[in-house]
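Shared chain: subunit A. Partners: subunit B in the first complex, subunit C in the second.
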Partner chain A sequence: MPNLLEVRDLSKRFSSGGGPFRKARSMHAVNGVSFDLPEGRVIGVVGESGCGKSTLARLILRLIEPSSGAVAFDGDDLLAKTPAQMRKLRARMQMVFQDPYSAIDPRYTLTRAVAEPFEVQGVKPARPMAEEVAELLEMVGLNPGLASSYPHQISGGQKQRVGIARALALRPSLLVLDEPTASLDVSVQAQIIGLLEDLRTELGLTYLFISHDLSLVKYFCDEILVMYLGRVVEALPDTAAPARHPYTRTLMESTFEPDPKKRRLIAPLEGEVPSPFDLPPGCAFADRCPQASALCRTETPALSSETGHAVACHHPL
Partner chain B sequence: MNVSQMAIRSLDAFARMSIGRAFASGIGIVAGGFLILLVLVAIFAPWIAPFDYAAQNLLNANASPGWPHLLGTDEFGRDVLSRVIFGARTSLSVSATAIAISMAAGMTLGAAAGYFGGVFERAVMTVVDLTWSFPDILIALIFVAIIGPGLTSTTFAIAIAYLAQFTRLTRAQIVRLKRETFIEATINLGAKPSHILLRHLMPNAIAPVIVVGMLAIGDGIVLEATLGFFGLGAQPPTPSWGAMMSSGTAQLFLSPWVIIFPGVAVAVTVIAVNLFGDELIRALDIRDRLRGA
Partner chain C sequence: MLSVRDLGVAFGAVEPLSGVSFSVDKGETIGIVGESGSGKSLTAMSVMGLLPLIGGRITGGTIVFDGQDLTKLPERAYRKLRGGKIGLITQNPMTSLDPLKKIGPQVDDVARLHLGMNANEARARTEEILGTLRIPEPALICDRYPHQMSGGMKQRIVIAMALAADPDVLIADEPTTALDVTVQAQIIRLLDDLVKQRDLALVLITHDMSVVAQTCDKVVVMYAGRAVEYGPVEAIFDRPRHPYTQALIACIPRGLDDTARLTGIEGTVPTVINYPKGCPFHPRCPRAEAICATDPPTFSVEGDSAAACHFAEVAHAQPA
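Presenting the complex of A and B:
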């Protein structure tokens, strides 16, 4: 399969302006991330809160301008597009947001919200708009009778379905899912995940799935990128691959076992995530790593993939 | 369907609208009813007023309230009731026009500042805040110096006096709304900035601005009366509540009705505006959005 998305050395540095009484500070939210997303596959991005996964999603969709690096969508350099070209192209790359509660304008009915993608893109659907909207609502498992409701009249899970319907209205090829279930009840999470799986096979979508929940990512994705403080520390080529980075191992060990009889020892991570404003030299994980050596504290390990299973560690497992 | 059913239906529809809900309480009905009545009086003043507001009758100057001059006459023998009725016209139209200008300008400036941010925002807010640091009377004096005393000066002075409030309120709303997920989601659909601003940001920002505008009309009436009192507003013989009180001060002890009735008109109108404004805030459920502006 050809690559739908190619990300090369993507970085974003946020800086707070200095003034007479404070120094300018900058943080590397995303630091040199590269990966390929072939058409039809699902790549998961996991990491703790604040590791830059949401920023990465916004950089890829160019909702935030990257500081450096390149993004190619379907072979097209996104960063070279003019704002007008970019607006046109957005029809093909959509996003489902983490917070469904504020993802719909409170003054819009569901009909208006779901019809809005056609309005902003100036696309006329083949059928009358009311039919198109009803079809889209049905596709995401909503009763078309809800079409005239306002967002405050429906539940969180229903709102997320509306968000998905809006994203799919223009038949995109890429869907970036930014923690689409993080703010929903567990039972509703399962429904949304099931819906996303069905839609993927039905519409032949390619997903970039961002989550902090490793067991969910393992269930949902083909490949997994593990991020720590803005860098990809490990790229698992499939979900069964054993962890090679000590951080990934800790993440995997700390997921819950469904069987309560299978007790095991969870070794909690020591220490705090370093401040992204003043990263220590060397590996950002060194201070919390049981394996760390003197080398780890001086030299930043590069992501290397001799075995097809890339890891950024001086002492991989 | 007959006419009365239609009337009931449309009243019912009005009551369900957010603004209609302000009439749900007793206070809302009394205050809102008074304001509607006042607007009608102002519009139909020539048919309601019993006398010509400018007709002098020096032989009957300073007549006490009675028949035929219900509220008495002033030092030129003009009918006080007719002048109060025509004064409502001046006060309401000047205040409403000024606030409309101020709201339109303030919303445009505030929305642009909040949306574009950066140096533009800082420049707009600095200039707008500067207008706030001048006393209203001083602004009026500047306009009087430029274009001479009269209702135009008064209107512009009131408009500038409230510009900062509308600009700041709109900007605060836009800045808050800009961070909502639905804005990012709509940008990601490929929407132009004009679509974001006009279809999402402004419609969500407008309710508190309207309420503040409503309340500002009350303040505008007081400011108009103040400027009129100092002779900077309506010029004789145009009746204005403030100017009437000013001319009444000379005969304060001889014919107090000349100053009392316009004063009562100002007080009752402003109280009604404020009470109705409070009901509107409650009806639109925007109390917390008015903070921090």
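Presenting the complex of A and C:
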């Protein structure tokens, strides 16, 4: 399959704290991220809070401008596009956000919320809007009878379905899903994941799926990128691949099985996550890594993939 | 150590909690698990005697701790128990920490108040406890303010405060929900060690079945303000008898098991104003029959386990 998305050496720096008495400090929220997403595949991005997952998502959709690097969508260099061209392209790449409450305007009926992407793009659906909205609502498992309801009249899971219906309105090929179930109960999370699986096969969608939940990512995705403090530290080519990076192993060992017969021995983890503002030289995981050597504290390991299973570590497992 | 029987709670005319029972012994961890709004926190608040604070009251049942019924305990006596023999850890460590006060004095206060120690004794105890919680350089940490620490470190300080009073029972209400998984694993390890080393009775409240499987000896599954099934952890995971427990387990994504498809449970968790009559799970239950909409089921006991379902025996025969 051709690559729908190609991300090359993408970086984003944020600076903060600059003022008359304080020196501005800058941090790399996303640091040299590269990967390919072939059409029809699902890549998961996993990592702990603040590692740069949402920033990466926004960069890919060009909702924010990168500090450096490149993104190609369907062979097109996104960063070379004018705002008008970008707006057109965005119809084909959509995002679903974590918080279903903030994604829809509370004053809009569901009809208006689902029709909004057409207005924004200035396009008319092929059939009457009411029919189009009804079909979109049905597609995400909502009763079209809800069309005249307001967001406060529906549940969190139903709101997330509306968020997905909006994202699907313009028939995109890529969906970037940023923790789409993080605020939902597990029974509702399972419904939404089931829906996303169905939509993928029915509509031939490609997903970039962001989550902090490794079990969920393993269940849902074909490949997994593990991020730590802005960098991709490992790219698991399939969900059964064993960890080669010590951080990935720590993540796996910290993720419990829903089976009391498979309890984990939790190894004590020394050290704290360093502040992204004063990252030490070398590998960012060195303070917490049982394998760390002197080399690790001076030289940043690059992501290398001789075996087809890329890892950024001087002493991979 | 702690035994709750048939607990019911009301706010005015609404009764968000009823018929909740469980017990926990020294050296034992019991998990209370359920989705949002199932009544887990209200259960914790009831045991801590904090309901009057939020305008609620106990409508029935008993909470027996160390031989006395806490539902009859006057507030003065409760104040000694709370944060003393019974400790509480909540999801947000900042509900227990004073942002304007250094860590050392905050932890010291507990031993001074509950154990009658003087300042020096209390500080020695504080540093010792911080040490056992694997907090590096306790003396240095004592001199810090809460905002100078990570979330995981703050949660450890809250645990230290609970331990400083030398409690018999610790109630932890989603103690790791706001934390990253690697930090969660460290806190879980810590709580496990404490239960074993100090012979604590731990009530671990969580919405995460995997955390329950990892740490608990016994489990209570709650739904819509009721306990619907309880038993030893192995029984609950191997042979769940209540359709809700079965469905809840089927909702957990299992990394490498690609064959099982996640389908979720139809519908949504009810809120207190629309708790269903009869069996609270009947609008979402794949096994519901006419009787389920009218008659609340009673517990069907089997060994140490019990499930509140009209068809618990049948459900057992044909697992979902």
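Everything below uses one rule, namely that the second predicted complex is superposed on the first by the 315 of 317 C-alpha atoms of A that agree within 3 Å, B and C clash if a C-alpha of one lies under 4 Å from a C-alpha of the other, contacts with A are read in each partner's own complex, and residues count from 1 in each chain.
The rule is simple: contacts are C-beta pairs under 8 Å (C-beta built on N, C-alpha and C of every residue); 3 or more make two chains touch, one makes a residue touch a chain.
For clarity, every value in this text was computed on a predicted model and none was experimentally measured.
Once the two complexes are overlaid through subunit A, subunit B and subunit C fit side by side, free of any clash as defined at the top of the document. When both complexes are overlaid on chain A, the residue A:Val273 reaches subunit C alone and has no touch with subunit B. In the superposed model, A:Ser254 lies in contact with subunit C only, and not with subunit B. Of the two partner chains, subunit B is the only one touched by A:Phe97; subunit C is not. By the touch criterion defined above, A:Asp105 reaches subunit B but does not reach subunit C. Once the two complexes are overlaid on the shared chain, A:Pro117 sits against subunit B while remaining clear of subunit C. Judged by the touch definition given at the top, the superposed model places A:Ala294 against neither subunit B nor subunit C. Among subunit B and subunit C, the chain that touches a larger number of residues in subunit A is C.
For the superposed model, the angle subtended at the Cα centre of subunit A by subunit B and subunit C works out to 80 degrees in steps of 10.
Legend: residue contacts after superposition of the two complexes on their common chain; A:Phe220 is shown touching subunit C, with no touch to subunit B.
Between subunit B and subunit C, the smallest C-alpha to C-alpha distance in the superposed model amounts to 21 Å. Contacts of subunit A with subunit B, set against its contacts with subunit C after fitting on chain A, share not one residue. Those residues of subunit B that touch subunit A in the shared complex are 180-182, 184-192, 195, 200, 203-204. Of all residues in subunit A, those touching subunit C in their complex are 48-49, 155, 157-158, 185-194, 197, 212-216, 218-220, 239-240, 250-251, 253-264, 266, 268-269, 272-273. Residues 35-36, 134, 150, 152-153, 180-182, 184-186, 188-189, 207-211, 213-214, 216, 233-234, 237, 247-258, 261-266, 268-269 of subunit C are the ones touching subunit A in the complex. Listed in rising order, the residues of subunit A touching subunit B in the complex are 61, 63, 86-91, 94-95, 97-99, 102-107, 116-117, 120-121, 163, 166, 170.
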